[in-house]
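Structures given as structure tokens follow.
First subunit A sits with subunit B, and in the next complex the same chain sits with subunit C.
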Partner chain A sequence: MLVVGSGMAGLIAAITAASRGKSVRLAARGAGHLAVGNGCVDVLGYVDGEIVRGNPVDSISRLSGDHPYRRIGAETVAESLAFFARLCAENGFDLAGGNGENQWIPTALGSFKPTWFYTPAMNRETLSMADRIVITHMPWLKDCHADMVKACLARQRRLMSKDMYIEETAPFRAHRNLTPLAAARFVDTEAGERWLLSQLLQCLQRSSSGRRTAVLLPPILGVTRSAEIRARLSEALDADLIEMASPPPGVGGLRIRRTLLRAAAGVGVTVMENAHVVEARVQGQRCVSLVCDATGGEREVKADSFIIATGGFLNGGLVAAPGGKVCEAIFGHALPAPERTEDWTMPDMLDSQPYAKLGVQTNTRLNPITPEGDALPDNVYFAGRTLAGYDFVNEKSGMGVAIATGYHAGMNC
Partner chain B sequence: MNMNVRIPQPDRCIACATCVAVCPVAQNCPDFPGPRMMGPARQRFRLMGMGEDEASHYCANCKNCDIACPGDVPVSAFIMRAKAEICKKNFPKLRDWILAHGEVLAHCLRFIPAVFKNFGMTFAPARLLLDAIGIARKASLPNFAPQAFRARLARLAQPNLSRAVVFFPGCFVDTYEPESGLDIVAVLNRAGYKVIVPGTTDDSGAFVCCGLPMVANGFWQDARDNARRNLKTLAAWAAKGMPILTACPSCALMIGKDYAEYFPALIAPGQSSSLVDVCDFLIGCVERGELALPAAPQKVETVFYHAPCHSRALGIGLPGLDLLREIPGIQAEYADSGCCGISGSYGFKKDKYPIAMRVGAPLFEAMRQSGATLCASECGTCRVQMRHGGGKQTVHPVSVLRRYLG
Partner chain C sequence: MQQTRIVVIGGGATGIGILRDLSMRGVPAVLLEQGGLANGTSSRFHGLLHSGARYAASDLHAACECIEENTILRRIGRHCVEEFEGLFVLTREDDPAYVAPWLAACARAGIITEEISVEEARAREPALAPDIRQVFRVPDAGVDGFRLVWHNAESARRYGGEVRTYHKVTGIESVNGKITGLTVCNTLNRESYPLACEYIVNAAGPWSGEIARLAGQRVDITPDRGTLLAFNHRFTSHIVNRLHKSADGDIFVPHGSITILGTTSAQAKNPADTTPTPEEVLRLLSLGEKLFPDVWEYRILRVFAGNRPLYTPPDHDAGRGASRNFVIVDHEQDGLAGFASIFGGKLTTYRLMAEKMTDLVCAKLGVATPCRTAGIPLAAQPARATLERAGRRLPAHGARLVAERLGDQFPKIVNAPEQDSGADLLCECEMVTRAEVELVAADPTTHFLHDIRFRTRLGMGTCQGTCCSLRAVGVLSKSGVAFAADPRTALRTFLQERWRGLRPVLWGAQAQKCEFNRALYGATLNLNGADDEAD
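And then the complex of A and B:
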């Protein structure tokens, strides 16, 4: 079978299908959205603007009937999340959360966002338990604003009584364009780890001591050895190290992508990189092959079944044309959309946006269907953001839908 | 507006920085600001005629940025064009001219016996001299073959076969590794195809260097001249409906993709300038029943396979690995360890050698960990780097096949 797309949905679909003994090829155009993410897995943070309490899977029943979670069912969603957690554990990726309720993790702005799985270094509980919070100030690093972080933290009821300090650190090298990714890569080396330890020791010495200290950092605790580095530094400093989720390039997303690629190779998935799928060959109710635009001309890839996880407008899975028209990029199915493009957006930027919910409509097996409900090719399955019916930004559900629908497609194909 | 002059627009880039995350040079050389900054981001300034960042020389043109980009931004092409502009103003070093013009150099030195040429490349004082002009003393330079591939093919009696293919040898096989080329000819003969190398096996115009090393070293005009000559030869053979094969993924990428990207005005409307990967072609031969593979031998041999970045960039999967997996009795082990670091001539440069070795370190480690004694990869300079860093015998996948065909 052939999977198109190497973001979270495509990788999970490929791994699921290959684990069932299928021979799986994955066609990738670009490295997928996963590589720029912050490494958290949001399952469901809000329903209609209201905060989700308790296990997010239990709130699926409150979503509208055409939401991908409702299509595949809450039970499958729970199963897929357990599969993902197992996959991470088996491949040595340290994952926290996934039980009780959503965790609110700190962002690089000092605000908090709800998420389901995260790295242990993002745990806010350690922040609440600390007496003193040291915010490392790295003015030489992009997207790092300690004053704003402190101001935002001080507004939190559970944190306002804490002693908070901003401690400036010296850069590991002089350059005008240092990102957390560059810092994380440096910290992965022995010299880098020593540098960070000495900087943090100085930070802690300068601020008055507390019984329990939490240190807030951008995500710079290494890319490949993050768990061991964090454990060693925490012990040496006698403090909890907490990473803030930060904008791209995503250190956390890269850590997950490495893990999933390793898992995919382990179950025999072969990856065809730089393959731009442009067309489908369909006979009756079956798709026979997909056509790639490769160097040297068209290349036809045949398979028994196909999973399409090509992303939304941003990654080219959905294409918008003048006149309020939207279509799926490979099969070219016209998708229902408001006729007037003015109706695609809401005046308030923070509202749920109608365009965000545009996409491919499917049956419960994730086969595409026409607006009238008739099945299109029944050996084709859609997963991830290409699907209609959810606004991942507003709901905080992006990676969750990708895992759940990728898993479901991989199980059904 | 002149539609023939196409200036690539950087605005498809949304600055997601995925390319920065995957760039092997950015991972191993903190002085390189990364492909996003050097490519589309700086392009906006270039279009306005504003200053240039000299760091573009760090780009190895390995194309991992293009492979990773979710938005079809021609990232590496922006950087190569910028490098060319810099080289227009400041003529590149002698060292870069030498590395860019291997074919010309080999032609000039053709009457000097290989033994003397190779002595010059291993003899310590000679290496010090090369080091002084910027070719790393520790680098393992490939040896000149006593006779070039094309010279040997011209004297080879191929069987009389009804079908034929055209073969684009590429400079590496021609100058340094004719054995790989002859292995390919033998296997294609076995599959029922006579191999034509224009200007060698007939009197038509010969292929020249694809021009990739020239682009990578800033000699844009020289590359354009070569592209024009090759396109003319390719068009003549394509008109005869003949498949045109190559064993070098970099030549395939340069001719099949980059010519149109770099020199759009040279491509005639409707002209396809593509080369077919020889491994891909041979898999087709096996599927069509033209090439019979021997029964599995008693002993299973493990072959360690590394995918060149330029193979991955072709968008055709990994036919080299697929071909190895077709051979009965071969257990192909996929390295999956990223770039080897050499990037053509990049890793031979004194200032780039340490970067190239750091980039290749995970691959070298994987080679050492592997139980295989034989390694395979399609790219000539990848093979040089793998022997140098990993210390194991490394050949083209088709050479592995030839051994099994006997």
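And then the complex of A and C:
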């Protein structure tokens, strides 16, 4: 079988199918949303603007019937999340959460967002329990603004009384454009880890001591060895290290991507890099092959079944055209959408947006269907943001839907 | 009670031009603007400094004024004017019989035209339609409306003029048919105060009808909405006009790194009605494709609209048929001394409008000093040494951009100490540094992130604020500048304004861009859920 897309949904689909003994090829064009994400797995943070309490899987029944979670069922969602957690554990990826209720993780803006799986200690509880919070300021990183974080944190009722300090750290080298990813890669080296330890030691020495210290950082604790680096530094500093969810590059997302690629290789998935699907060959109700433009030219890849996880408008899985038109990128199906562009959006950018819910409609097995309910090619499955029916921004459900539908497609194909 | 001699209402090009003129003639004056500087019509146009060729055939007088002012502005406003040429292009759909009388009219107005071959035109502008028939060069130029207003304001302040932004006029007082002062509300702290004066100039653009009503007067203006599209790259290096009777969607203007296509003309519901519709966008694109056939494929940065304050006396046409000439009404003839209104006209002739208005005010006040605005540059050219120094800190192109944006304030950021030069770029699209943001933020007229945007172009480039607005808010939090909103509200307001410009064009690369923006601020940073954390 052929999986198109190597974001979260595509990788999970490929690993699931290969674990079932399928021979799987993965056509990767880029890294999908993992390259810009923060490495947390949001499952469901809000329903209709209301905070989800308790296990988010239990709130799935409150979603509308065309939501991907409803299509595949809450049980499958729970199963897929357990599969993901197991996958991470087996591959040495350190993951917290996944039980009780959503946790609130700090962001580079000084706000908090609800998420289900996260890096250990990266939550509000850690901050609440600390006596002293040290916010590292790295003015050499453009998206790191400790004063803004402090101003926003100080407005939080349960953090108001904490001692908060801003401590500046020197850059690891002089350059006009340093990113957290460059810093994280440096920290992966021995010299880099030593550098970070000495910087943080100085930070902690400068601010008065506390019994329990939490240190807020941009995501720079390594890409390849982040768990061990965090453990060693936490012990040496006697402090909890918390990376804030930050703007891209998505260091956290890239850590997950590494882990999943390794897992995929372990179950025999073959990856075609830099492959762009340019044509679908369909005979009757079946897709026969996809033509990929990859390194070395165009090639036709035949398969018994296909999982399409090419993303939404952002990653090119969905294409919108003037006059209220939208289609799926590979098969070119016109998708149902409001005729007037006015009706695609709401006035507030961060409200639930009708256009954000546009996508491919499917049956419960994730095969595409026409608006009348007829199946299109029945050996094709869709997963991730290409699917219709959810606004991941408003719900905070992006990675959760990717995992659940990727898993479901991988189990069905 | 506070008092001054003259109060100018309206912080657009006309009002600020009048303030500069009055100040240069030594007349004490205060300018009141309900929002930030240039937030109305002066920032909502295509950025075309007319040669007059567009009006030559229909209105010779307006054409003559344009070419004269065009020449003056190139001299006094070098920081604000981009001296590329204009092309007038006869497309397949335009009437060839229009050309000869148009050429004759241009000649009468003193506008130099030169025909070039279609081959040469297409060599200069490869994206032009292959089936165009005739092309003429004219001395059109580009002008940055924001910057023009700012440099006028700074110049006016150097001559003693005072600018109060976010100050709304709520009442106009007179005694025995003579102006005595007005009531002003500071919209930031909602405090009202009286301000005594001898004379009021109403230069409120599309709002001038409402200001006149406060004084019990009437002016015949109609706010006429023009919609424009900004594309994210510069696909033409010339201003490109269609060679026909002025109509919709027939002007392309390159502007820095972007291109603007305009305009439409429709009566606005009210002066603040600047929301464009998808129909207007589709119409602009289908008109624009006559000149640039690939225009549908280009990424749109945003769509925006401005209201022309058109003079529409009873029984006259509104819209395209209305005169583009300016009008000064001396309300003394209607029984109110000390009050005059100015409206109509074009940004190109703002200086001339200001001169005429100031002449009238000075005549009333018995001030005999002549106008000097045509002779004295708005800002000095930067010294070579300053530019060189800037070039060592900034990318070479950035140094020139910053010099033009900041005018006389440029040396301040270049001469900052080496150890904290503030040269880090917050906005990579428009090359805005931290030092520049801090300098502008400290200006007494700056209260919101969008004031910084107007002044520096932060957030106006291809990222449309996605990357730089967070950084700007972060820097402002650190510098301790007292802003009118907390960091998150400031950020949200700013992004919301950008979203407004994308909603009617939500397809293609724009949809991609919106999705990224929402993913970052909604999903990763939970900007909208900020209040939920209180529990």
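In this section, the second predicted complex is superposed on the first by the 407 of 413 C-alpha atoms of A that agree within 3 Å, B and C clash if a C-alpha of one lies under 4 Å from a C-alpha of the other, contacts with A are read in each partner's own complex, and residues count from 1 in each chain.
One rule holds in what follows: contacts are C-beta pairs under 8 Å (C-beta built on N, C-alpha and C of every residue); 3 or more make two chains touch, one makes a residue touch a chain.
Remember, predicted model here, so these are calculated numbers, not experimental data.
S.K.: Output check: A:254 vs subunit B and subunit C. Expected answer is one of first, second, both, neither. What do you get?
M.R.: First partner only, subunit B.
S.K.: So, A:173: does it touch subunit B (first), subunit C (second), both, or neither?
M.R.: So A:173 only meets subunit B here.
S.K.: Taking the superposition on A as described, I'd like to know which of subunit B and subunit C A:157 touches: first, second, both or neither.
M.R.: The answer is second: A:157 touches subunit C but not subunit B.
S.K.: So in the superposed three-chain picture, is A:84 touching just subunit B, just subunit C, both, or none of them (first/second/both/neither)?
M.R.: Neither: A:84 stays clear of subunit B and subunit C.
S.K.: Just checking: does A:148 make contact with subunit B only, subunit C only, both, or neither of them? Give me first, second, both or neither.
M.R.: After superposition on chain A, A:148 lies in contact with subunit C alone.
S.K.: Let me test your reading of the model: by the given contact rule, A:382 touches which partner, first (subunit B), second (subunit C), both or neither?
M.R.: In the superposition, A:382 touches no partner, neither subunit B nor subunit C.
S.K.: Looking at A:109, would you say it contacts subunit B, subunit C, both, or neither? Reply first, second, both or neither.
M.R.: second
S.K.: I'd like to know which partner A:295 touches here: subunit B for first, subunit C for second, both or neither.
M.R.: first
S.K.: According to the stated criteria, A:331 is in contact with first (subunit B), second (subunit C), both, or neither; which is it?
M.R.: neither
S.K.: Using the superposition described at the top, determine whether subunit B or subunit C touches more residues of subunit A.
M.R.: After superposition, C is the partner touching more of subunit A.
S.K.: Pick out the shared contact residues on subunit A: the ones touching subunit B in one complex and subunit C in the other.
M.R.: The overlap between the subunit B and subunit C interfaces on subunit A comprises residues 33, 36, 248, 314, 316.
S.K.: Give the list of subunit A residues in touch with subunit B in this complex.
M.R.: 25, 29-33, 35-36, 173, 175, 177, 179, 181-182, 185-186, 248-250, 254, 265, 270, 272-276, 292-297, 299, 311, 314-316
S.K.: State the interface residues of subunit C toward subunit A in the complex, per the touch definition above.
M.R.: 277-278, 281-282, 285, 296, 424-426, 467, 470-471, 473-475, 477-478, 486-488, 491-492, 495-496, 499-500, 503-508, 511-512, 514-530, 532-535
S.K.: Spell out the part of subunit A that touches subunit C in their complex, as residue ranges.
M.R.: Listed in rising order, the residues are 33, 36-38, 42, 45-46, 51, 104, 107-114, 124, 139-140, 142-148, 151-152, 155-157, 176, 245-248, 312-314, 316, 319-323, 325, 340-342, 344-345, 347-351, 353, 355-356, 392-394, 396, 398.
S.K.: Please give the residue numbers of subunit B that touch subunit A in the complex, ascending.
M.R.: For this pair, the touching residues of subunit B are 14-18, 20-22, 27, 30-31, 33, 37, 66-72, 252-253, 256-257, 272, 274-277, 312-318, 321, 334, 336.
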